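Structures incoming, each one as structure tokens.
Here subunit A shows up in two complexes: once beside subunit B, once beside subunit C.
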Partner chain A sequence: MGQKKSKNTVAEHKQEVSIGLKALGTDIYNQLDKGFFPSVNMPSRSTENINYDPATRQYILGERTVNRSARNIRHVKPFTQLAWAAMFSNELTSHRKTSTLRDVYYSAQAYEMTFSDQQESNNIITDLETITGFSREDFNIFPEERSAIFGDLTIGYTVPGYEGKTLNLTSHPDGVLIGPALTSSEFVGTNADKVIAIEKGALFTRFIEENVHNKHKSLLISCGGQAPRQTRSFIRRLHEELNLPVYIFTDGDPWGMHIAQVIISGSANAAHLRALNTPDAVWSGVWASDIIEYKLPTDPLDEVDIKRLYELQRDPRYQNDPLWQREIKTFLKIKKKAEQEAFSRYGLTYIVDEYLPRKLDGNSKK
Partner chain B sequence: MGQKKSKNTVAEHKQEVSIGLKALGTDIYNQLDKGFFPSVNMPSRSTENINYDPATRQYILGERTVNRSARNIRHVKPFTQLAWAAMFSNELTSHRKTSTLRDVYYSAQAYEMTFSDQQESNNIITDLETITGFSREDFNIFPEERSAIFGDLTIGYTVPGYEGKTLNLTSHPDGVLIGPALTSSEFVGTNADKVIAIEKGALFTRFIEENVHNKHKSLLISCGGQAPRQTRSFIRRLHEELNLPVYIFTDGDPWGMHIAQVIISGSANAAHLRALNTPDAVWSGVWASDIIEYKLPTDPLDEVDIKRLYELQRDPRYQNDPLWQREIKTFLKIKKKAEQEAFSRYGLTYIVDEYLPRKLDGNSKK
Partner chain C sequence: MVQTFEEISASDFFYRNRDIAGFTNPSRAIFVAIREIVENSLDAAESQKIPPDVYVRLSYEAGATKETQIYKLRVEDNGCGIQPRFIPSAFGQILYGSKYKLKQTRGTFGLGGKMALLYGQITTHQAATVTSCTGDTNKIYTFQLMIDIQRNRPVIIDRKVQINKDNWRGTIIEFTLEGDYLRSMPKILEYFKQTAMVNPYANLTFVDPKGRLYKFTRATTDMPEPPKETLPHPYGVDVELLQRLISVTECPTMTEFLRYHFHRVGGITAQKFLEFNELPPNKNPKKLTHIEIVKLTQNLKKFKDFLPPDASCLSPLGEELLKTGIMKELNPEYLVVHQRKPSTYAGHPFIVEIGMAYGGGVPKTGNFVLYRFANKIPLLYDEASDVSYRVIGSMNWRRYKASADMPIAIVVHICSTKVPYKTVGKEFIADRAEVRREIANALREVARQLGHFLSRREHVDREKKRISIFSKYLPRIAEFSAMLAGKERIPDIDKLLKSVQKYGSEEK
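Coming up: the complex of A and B.
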């Protein structure tokens, strides 16, 4: 793979998005032109139609489809809303403006398009994702949450006013925000040989201070809790385009474990989308067995934690993998959890000097 | 003022922090040396001792003090914890490492210093703030939350490995994270003539895309909801060292209003600290009267909103200012609220093209 392949990825992808929207519009136009009531077909997103696919290692939608037809009086409104959402997405992307789900809801009013509440407009955007196969971020509809990256990667911007400009992601030692400008950039070059994704911003800062990016030739990512979708797809790009292995460090509890799992296997909510997950990424810790091995300070698992562990044990994403099953069992046995900061009991740099190298080493052997 | 004055501010401030910690240590040492049980005096932080001070336009602590003496068996533990916290803060600042409240709690265990829970260690850090008059950020103890800045300001780093390096804050169009490295930097130069602080990240991105930083020669700050303390003190530095007026844009509801108020007048929780607030900053909107004037799409105020408005009406920070009182009354009259995104009903750029210039203009006249 390497960097050559990545060169035109962003521009090509943008064009694909534009073609997808145009195809939808052309389809509706042609039906109208022939004197038909226009309709669209899309995969059903009902729970029964969401299946875990071991081949792609993520949730996907099954065979069931739903038809939305302007002929059906109950469908006229959502059909019109969908057509508007596609038109608005096309405006955003062609004018290179970004937006949010909240903005979409209010913007509709500028077109005298009404949604009874934001849930309704959110659903229509998900419909558009399902039909086109592109995510709302592809349509420049971004969430509030931001995460950050730091390390020796040079990016080339594609946003207006910054074309041709590059930035090396070591330029700001607090980390570089992963927003629309970053995720739409091309990869120019890197000396890193791995990606380390970290649940918490505080540990991300510690890793930068302790020079982990140099010592372990890595790109560091702060997920800021559950990684936003744009960050998950950015991690996948780093893996695919630059061929970098991905290691994930979270708190040692069911919630941290699942943050790693969603980066690896995606979420059921995004079963209608692809390219958000990184199946080859590795959850490197904090494992339940690390809590024992490193004698970490702990808190007891509470009822919600335990209930969550039993849920995860039955979750298809956790099946057929001895690591996940072993760690769930260990959590249930020790009935304890530990945060990443718990390593500070051995001094502030222990996690970087001792724990991290052993885990990076151990994971590559496993 | 201007930029000359700002040149050595950061370095000088760091030295003051170091001197403050040393003074505390010397005081304890001297008492021990004379054969006394060491003790410290500090202002009481009990509710009765927190008063609003119209002169400095913020909450301050009153005359009451508490004495913590190693002679008192009930004080021995917190006294020791306090001495440890001062020592640990000194290690952090002299080794130029950053930390978090959570980290402090766990780090104590590396020194066989015990806290029964994190609340206890948080309280000790606040004691240390009260005694020294410096905030925990001065001791390199930072929160998780991060906000961002964008605009034509060149900063000079003081963190290890970046000494002598500068960054212009237009270098990354998603915005530059306000973290330890940014807040500890010196100001090198700016062409901006104002600061615009924005409650939400999405609108911050919109402002960047619409070139507000150039059109209105401004530094844009994304507060990310309630602005973290380090961001509030950074806004104050921008105002004081660069002599820039500050305008704040929030959602049009009691919570947005209070986000602006805390930037302006500070919080009761920080009554023991100075230099976190910017009394001359101006809340520019979204006002309740803007909701009427611009016919914004609204949601009804719910019970919690209304309860909050009555609380704010009695709050000393809202007294003696006709703007705040008028807007509270207007909210209570119209019983409606509106988000910043509500302006999108007039198109995505209306807020930048129409609303913002009028508010910047109107506020300077008011």
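Coming up: the complex of A and C.
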């Protein structure tokens, strides 16, 4: 059994988060105490300051910083909201409670710290991420969206009331939600030797039914469209802590291609955060060339698809691997797209029995 | 064919043409009747510098037609009263009156009050009762009068004398008329409110047919100086007037003639003018030929060096009283008034007074609320035709930070020996260049001050808001950071809050 352990990483990380939040609070407190208007510096998130970093293979923020000061009449409200959000996050993590973005918005009202809308409170959370360098999931704040995992991985809970309990992720055939309890758990052991991330829930279920996790010794993840941040960071942990290669299967269109890309290289929206991407993950399909090779049933690309392809062609994340440019060109040539379900024309099991092994094989050869 | 001509009397003329005096329909008639009598009462009190007390009661008498009713109108005042020998003519003879001199009065032709009685008589066939005492005697005279329309003569039905035990002085008029009170009610009430605004020293009481009491109490006993009678100004003279003056003058020379019969003409001005007119200064005016008189009239208008008429014949409210009146009726948050220096048009002196009120009791209507007055009479009809309305419409209000959607009321008062009305009905002021210019200048002046007020207030508001934002948030930052840092003591932020107030100006 290739059991791999990653004890303490979760606990250590939690400790760092707590220190970071307290440091921010102390900084503000000391400035006030000395009779100054408190201010904080943070990297600017304006588009001009978002650069692609080839070394880490993701978007990062540049040198430019902004100063938010309570001295400025326009900043004092967001500054207060930021102080509140930091305090609230600290309460959450120190009491080991979780919350959602929606919940943050409502919780603020209890402190008479109203946000004018959900977007405003989301922005403040993003500010807090930018200042501290931790992601909102580190503060136990999760978006509502959920994705799922299935496969032979045993985890050890760290959430209150479950400490010491373990769970094998094959125990429920619908898969297990990738939520705070799962992402905060330690990895106890696995027999899998790869991770397969799938764009859609339907194919994820098909893979479980077809026993792909056993046949190919894999952990299956349903991204549910664009993979949520916690899922992306969980994939990275699986890769880093368990050394598992990651394969991504999406629809054969520019949108599916980009879902894979964000798992690999991260998003511009999260340029202020690290450790959300998995640069070594591989997009395994459905490629434009698969559409030709497997003669898949297709729909024509519409205008938006084509516009998106040209955008991606210029995107720095698509420059370093010739695969991307080749597939973009092929899409533009055939002007067709195909969904993962298109393989059904060859029977229900074709994708699992024929396509998947060949693609996994092909990737490992690469 | 034989064509017949008949002479008609003044009464007969107005009987046939009552529209021109404003008695156009039953609802308008009742409004105009009240207005004319009340204005006579106010004039009667003001001429003696007595703060007016005017009591008006309109009571229901009988139904008349589907829409109209017969009402009894009673108006009591504490004015100068009328000597008994003048009473019958003053109320029973059209175009007979005390207002044909050159000074500012509300009425102009002595027509309105009599038109009201005439209208009452032709609609109800009842006599009017006039009771009056001048205060000089201890007798009160009461006349019952009707008007012989064809002959324009008063007919005395009855005459009574009472002993004046209580030293009463004033006039009481009571007569019946047909009208439509319900439809005219809004205008009548508006009339009283606006009259109270420009007569802040008057007590006005109105009891309507339903028994409702409307009381407008004076806010001051200060009154404007009564107007003085004045000589005609050279610019306002025509051939007929000149000929009449020549026929009555006792001056042997032209220089003296000009000095004694014209307003603001002295010896030097008279000499200069006669040079300009090419007449010897010692020429006897009675010897002027008809052609010379016509030339003289024309040159009187052309000569540039006559001094402008002075305003002693005018009785403007003055800035203080205008302020008092507007405060009393509108109770605005901010008020600015301005009185222009006297000006003239066609030889008639006039003065423009303007008030601009903001906020408080001033309603927000989406448009500037305009109150127009001429010789202290509210003008309630045809607003859009009035020169003030046009001037307001042509101003660039943004320069003054003002806009029509703010609660702004503009009060325009023009007083003159001859108000440039466009119609006999006294509804609106004609658009004459001189008048327009004065109104525009006065408006600019008050608008400038309102603009200062608005920007000052904007500044204060912004400052207050700024301080309140800091006061709201800084304590919270202190609280949250203390919680987050795990400190018991909350940092003292009083000094920071104080420093915020010192900055004064806003941030970039």
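Following the convention adopted for this analysis, the second predicted complex is superposed on the first by the 361 of 366 C-alpha atoms of A that agree within 3 Å, B and C clash if a C-alpha of one lies under 4 Å from a C-alpha of the other, contacts with A are read in each partner's own complex, and residues count from 1 in each chain.
In this section, contacts are C-beta pairs under 8 Å (C-beta built on N, C-alpha and C of every residue); 3 or more make two chains touch, one makes a residue touch a chain.
As the structure is a prediction and not an experimental result, all values here were calculated from the model.
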When the two structures are overlaid on chain A, which partner does A:175 contact: first (subunit B), second (subunit C), both, or neither? first
Check whether A:26 is in contact with subunit B, with subunit C, with both or with neither, and answer first, second, both or neither. second
Once chain A of both complexes is superposed, is A:310 in touch with subunit B (first), subunit C (second), both, or neither? neither
If you tally the residues of subunit A touched by each partner, is the higher count for subunit B or for subunit C? B
Could you look at A:200 and tell me whether it touches subunit B, subunit C, both or neither (first, second, both, neither)? first
Using the superposition on chain A described above, determine whether A:113 touches subunit B (first), subunit C (second), both, or neither. second
Classify the contacts of A:97 with the two partner chains as first (subunit B alone), second (subunit C alone), both, or neither. first
Can you list the subunit C residues touching subunit A in their complex? 466, 469-470, 473-474, 476-478, 480-487, 491-493, 495-496, 506-507
So in the complex, the part of subunit A that touches subunit C is made up of which residues? 21-22, 24-26, 28-29, 32-33, 35, 37-38, 70, 72-74, 76-77, 79-80, 83-84, 86-87, 90, 113
Contacting residues of subunit B [partner subunit A, same complex]: 97-100, 102-103, 105-107, 109-110, 142, 144, 146, 148, 157, 159-162, 167, 171-182, 200-202, 205-206, 209, 211, 297, 339, 341-348
